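Across the two complexes that follow, chain A remains constant while its partner is chain B and subsequently chain C.
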Partner chain A sequence: MTTTLKIPPSTHPYAEIIHRLEAGGSMLPDTEENLMQIIGIYKAYAVPMDFYWRDLLYIAERVFLDPLPFFKYFLPQEYLDLPNHYAGETADFRVWQKGEASAHPELLEFMDKGELKKKLPKLFHHLWHDRINMEFAEACMRAMLWHQGMGGLFYDYLESEEYLGNCDRAIKAYFKGNPLMLGLYKLFPEMFYEKVRELSYYANLGLFWEVMAPVFFEMSDRYDAGEFKTVPDAMDFLVNGIFIAAGRPIYHHVYIGDQCYELIPKSKGFMWLYEAALPYVEAVFYRTAPFRGTKSYNAQAQQVPADQKDFHYGILYADVFPVGTAGIPPTLLMQDMLHFLPPYLVDYYQQYCRGEDDMLIQLGITFQRSMYNVTSAVIQALRTALLYPLDDPNPEHLRKNRQFFEAQMDRFLRPEARLNDIQNQDYR
Partner chain B sequence: MPNIVEIAVSNDAFQTLVTAVTVAGLVEALQQPGPLTVFAPNDQAFAKLLPGTVDTLVQNIPQLQRILKYHVVAGRYTTAELKDLTTLTSLEGSPIPIACGDIFEVKNATAIASDIEASNGIIHVIDTVILMG
Partner chain C sequence: MLTPLLLIPLLGAIAVAFLKPQISRPLAALSSLASLAWIIYLFTQFNLQSGAIQFSEFHRWVEPVGLNYSLGVDGLSLPLLALNSLLTLIALYTNRNNLERTRLHDGLILLINGGIAGALMSQNLLLFIIFYELELIPFYLLINIWGGEKRGYAATKFLLYTAVSGLLVIVGFLGTTFASQSPSFEFTDLQVQNLDLIPQLVLLTILLIGFGIKTPLVPLHTWMPDTYVEASPATTVLLGGIFAKLGTYGLLRFGLQLFPTAWQTIAPGLAIIGTVSVIYGAISAIAQRDIKRMVAYSSIGHMGYILVAAAAGTELSVLGAIAQMIAHGLILALLFFLVGIVEKTTGTRDLDILNGLMNPIRGLPLTSALLILAGMASAGIPGLIGFAAEFIVFQGSFMAFPIPTLLCILSSGLTAVYFVILINRTCFGKLDNSRAYYARVSFSQQWPALVLTAIIIYFGLQPNALLRWIEPTTTPLVAELHSSIIALRE
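Let's turn to the complex of A and B:
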């Protein structure tokens, strides 16, 4: 029996979508075209993400406080080989069944030859910007660092005496024998602590994405094998992924010489779901910040919200077309995904709009659709964890589920939200 | 009178909980004088968790401890005392919403047995593993 037969229908402006969520669906309509688009883009996202998480951990753990980190995007072999905890034979829980734990073959090929398809010294690819755009990953990390207050215990710990003590030991070890930096540290300790806090967010985001890359690869494989038939199939797989990883530790270890300094030890009990995934979704999908070069905002005229919690510049609100200005984070991600699109998605884009000429915009809107599906998975996961089953026989429990879904949809009442747009297949 | 751990061990409905508490190294803590109030999920409650969730937690003891501590409150709270309360603060630190009327609900779990007296506290059996948030 559906929820609307047990309690009266919702009168919310997004009632149709709320009823769909109550029936176990996604905010994204269940069409074959939507399924094909989102799976294709998950695969295209997972390849650069395989670089992002490795490099985020490399920067957090090894580059650390290098004052001139020119080579922080040059991943050493050790981090390309770093076994993913959710892929390969050594996995804690093997999410990606066919994949290896080391860097994805398509990523390695791209790192080798780039868009130019020529093997040049790494530095040339880097300077020509023919590489994975790590600046996108750093923008996401900065959104998490800046917004804070999004639940979890992570940020409060970064202000604690215990954390500062751990930082102090690591900073002194890192700059041992460097009187200039140690002198600066003595004069401006807060500046150093704040930089280390940022590095802790590098670790946080790296550990978050380490899970998501194999989840997306597995989804792509299952779709190719004909195992996913509907958009809710894809959403349910994400919900399962969230629960598999929910309890994985979020920590920050720094390696200086042969010594490991535990800035945030695993023993703090920080968890992937509370300290990484939920803050990430809030900071990156919903909030972020206005991107320079896309539009001018007058903060004095209240064009930018006074409260950070009301920021609405994430992918769920993005007008993808003007975001096409070169160099800003969303464009950098689009460019990264362009290199790894599955052939069926390239064929699809060539049939619409300006074909190859506006492929970045088309795939950006596909990405928006796919992130509405990921957000749906997060909403359903929270409902599963904190509320009641969709088929609960108690009408009072169904009302509480309804209140939760309606509160989530309230966030899309503002005019910038793209929830209405993605209901339509012609939005591209 | 048996303590909280002894009651749980002697009851077949708490096999998963007893295993989890043992793996997490919390047996000793639950044998202390307390008193403590434990919202104890039965085996069926653990079985409702999605696959993989328990596997990951068992591999990561501090995280498992955190989830288990969310089911424990300092002090002895009988249903009679809980009728006037809307939240309790768990040992984990997060609040637990309580609704104790005709039906006794602990967050999104329903109590299926309550006021089980132990020498060092009281146990209420719940049908769902509760999670922070």
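Let's turn to the complex of A and C:
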């Protein structure tokens, strides 16, 4: 029996979507076209994400406090070979059956020859922006750093004496034999601590995406094998993934010479779900920051909310064109995904709007659709964790679920939200 | 040497009407290209030392009536002939996607080309009338068949107004010929100076109203906004670019040149009418929400400059008037061409709906960029032809009519106002998600605009390249005007 038969229908403006969530569905309508689009874009997202997490960890662990980190995006072979903890034969926590532990072959091929399909010195590819754009990943990291108070204990720990003590040891070891930097550290210790806190968020996001990259690859493979038939299938897979990976550790280790400095040890028990996944969704999907772009925001005219928790510049609200306007994803992520689109998605885009000419916009909107599906998975996972099953026989419990869903939907009542748009297949 | 300019389009029109569409279109383009090439050849043969009519052709035709096949060109008509052929070529390539009955469409455009060329070359008043009236029916059909929602109303209004214009011009010509007891309708035979001032004034007034309707001047302009808005972009390019110039051409050729004494008498009144047209056109354009109507009203204002300059009657102002005719023809054609692309692509001309067309991926960036440039040219930004022409008009007119000229200069600032409104609303801002599923505008759809833009920039940087052809004609024309003033004073 469905929820609406046990309790009266919702009168919320998004009642139809709430009823769909209560029936175990997603905010994204269940159509074959939607399923094809979101799986295709998950795959296109997973390839650059495979680079993002490796480079985020490289910066957090190796580049560390390099005052002139010109080459932080030049990922060394060691990190390209770094086995993913959740994929491949050597995984210490193998969640899914498929996927490679080392960097994805498409990623390696792209890094080698780039969009130009020509092997040139790495610096040329870099300066030509013919590369994976880590700027997007760093923007996400900064959003997480900047938006605090999103639950979890991670940020509180970054203010603790224990963390500062760990930082102190690592900073002194890193700048050993460098009196200038050690002198600066002596004079402005807070500046160095703040920089290390930022690096801890590099590690946090890197570890979050280390999980997500193989999840998305796995989803793409399963779709290709015909295992996913509906949008809720894809959402349920994500919900299961969230629960399986929920307890995985979030930590920050720094390697200086042969020594490993544990700034945030695994033993602190920071968990993937509460310290990385949920803050990430809140900071990046919902909030982020008013990006520089063709639309300018005037804070003095109160166009930017005074309270950070009211920010609404994430992908769920983003206007993906004009390119480079407010919100995630900025153009660079769309550019990254463009290189790895599966052929069926390229064919699909060529049928609509301006075909190849505005594929960036079309895939941006597909990405928006796919992230509504990911957000649906998070909402369903939270409901599972904190409330009651969807088929609970107790109407009171169903009312609690209803209140939860309605509260989530309230966040999309503001006119910038794209929830209404994605209900329509013609929104491209 | 001038007959090919009639034969090529007229034979082309007939051939296009009967051939298969696959052949007719290239043939139509070839006809207009051949005309243009022939005019370029004429430019190379044109004697810049002479202000007289050149390449004259004369054949007796219907002798009892005084109708002769008499053609000739000078510095006033030759640049307009070039503009005519260029805009015909542009019109043939304007918004052809899904165009129905292309053979008829192209045939009518070629017919108009021939008609206008004939009017510009005619040295016999009756022959002028024939060509002057010849293009009315093709225009009527173009508006009525390929026009917008209210095309029937606009076409009928156009026909009524321009027919009255033609009627008045006929009356004026007959009156002039009979009153002056000229032996024929040949332009060179007319001896109007022998007439008293009063009959001269009456005849000139009749011609002024006749050509004023065609130009159009306020308050004879009411056919124009409806017609320009309802006509298809190709038709509007021709209407605004060259057809309306027949009005100002007539004013200069048959008003100023035939009636210099009477012209001088009514010149202050003409300057006031011109100034009113300029101010009225600019203020009306600011008030519009429809971008095509805005451009249409801007045209009224810019034609007013020509009248003020012609009224001033100085060497520089008459030179500026003719330069402004060419400049305005090019700029207006570009504006209407681009507005046509915007309308075709977005499905609207509403300023309140259009926005963000400069968007590089989903917008119309090249069209928008050219629209901005056309707006700048129309507003008289230095470096573009609009500036050169308007500057000469203002400089030449100031000594004769300082207050009207100052008012015109102020109104040219209003041109910038409405073009900033137009550009700001349509090209800038954020592209609206819910509407921005526009088809891409291909290069082949835009090359005519690029050609017009290149000419606008070239003449803007090198105005002498245009003025050198006009000056030999304006110098004796103004000298004659001044000698008549001296005679009047004596």
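Simple rule for what comes next: the second predicted complex is superposed on the first by the 418 of 428 C-alpha atoms of A that agree within 3 Å, B and C clash if a C-alpha of one lies under 4 Å from a C-alpha of the other, contacts with A are read in each partner's own complex, and residues count from 1 in each chain.
In the analysis below, a contact is a pair of C-beta atoms (placed from the backbone, for glycine too) under 8 Å apart; a residue touches a chain by one contact, two chains touch by 3 or more.
Here the structure is a predicted model, which is why all the values come from computation and not from measurement.
*Asks:* Should A:A385 be classified as contacting the first partner (chain B), the second (chain C), both, or neither?
*Replies:* Only chain B is touched by A:A385; chain C is not.
*Asks:* I'd like to know which partner A:D358 touches here: chain B for first, chain C for second, both or neither.
*Replies:* second
*Asks:* Between chain B (first) and chain C (second), which, if any, makes contact with A:I422: first, second, both or neither?
*Replies:* neither
*Asks:* Now for A:A246: first (chain B), second (chain C), both, or neither, which partner does it touch?
*Replies:* first
*Asks:* Quick check on the superposed pair: does A:I264 touch chain B, chain C, both, or neither? Answer first, second, both or neither.
*Replies:* neither
*Asks:* Going by the touch definition up top, name the partner, chain B or chain C, that contacts more of chain A.
*Replies:* Of chain B and chain C, B contacts more residues of chain A.
*Asks:* What is the contact status of A:D319 with respect to chain B (first) and chain C (second): first, second, both, or neither?
*Replies:* It touches chain C, and chain B stays clear.
*Asks:* Give every residue of chain C touching chain A within the complex, in rising order.
*Replies:* Interface residues on the chain C side: 356, 359-363, 430-431, 433, 436-437, 439-440.
*Asks:* Enumerate the contact residues on chain A facing chain B in the complex.
*Replies:* It comes out as residues 92-93, 151, 153, 239-240, 243-249, 266-271, 274, 278, 382, 384-388, 397.
*Asks:* For the complex, which residues does chain A have touching chain C?
*Replies:* Going by the criterion above, the answer is residues 294-295, 319, 321-323, 325, 353-354, 357-358, 360-361, 421, 426-428.
*Asks:* For the complex, which residues does chain B have touching chain A?
*Replies:* Interface residues on the chain B side: 49-53, 55-57, 59-60, 62-67, 93, 107-108, 131-133.
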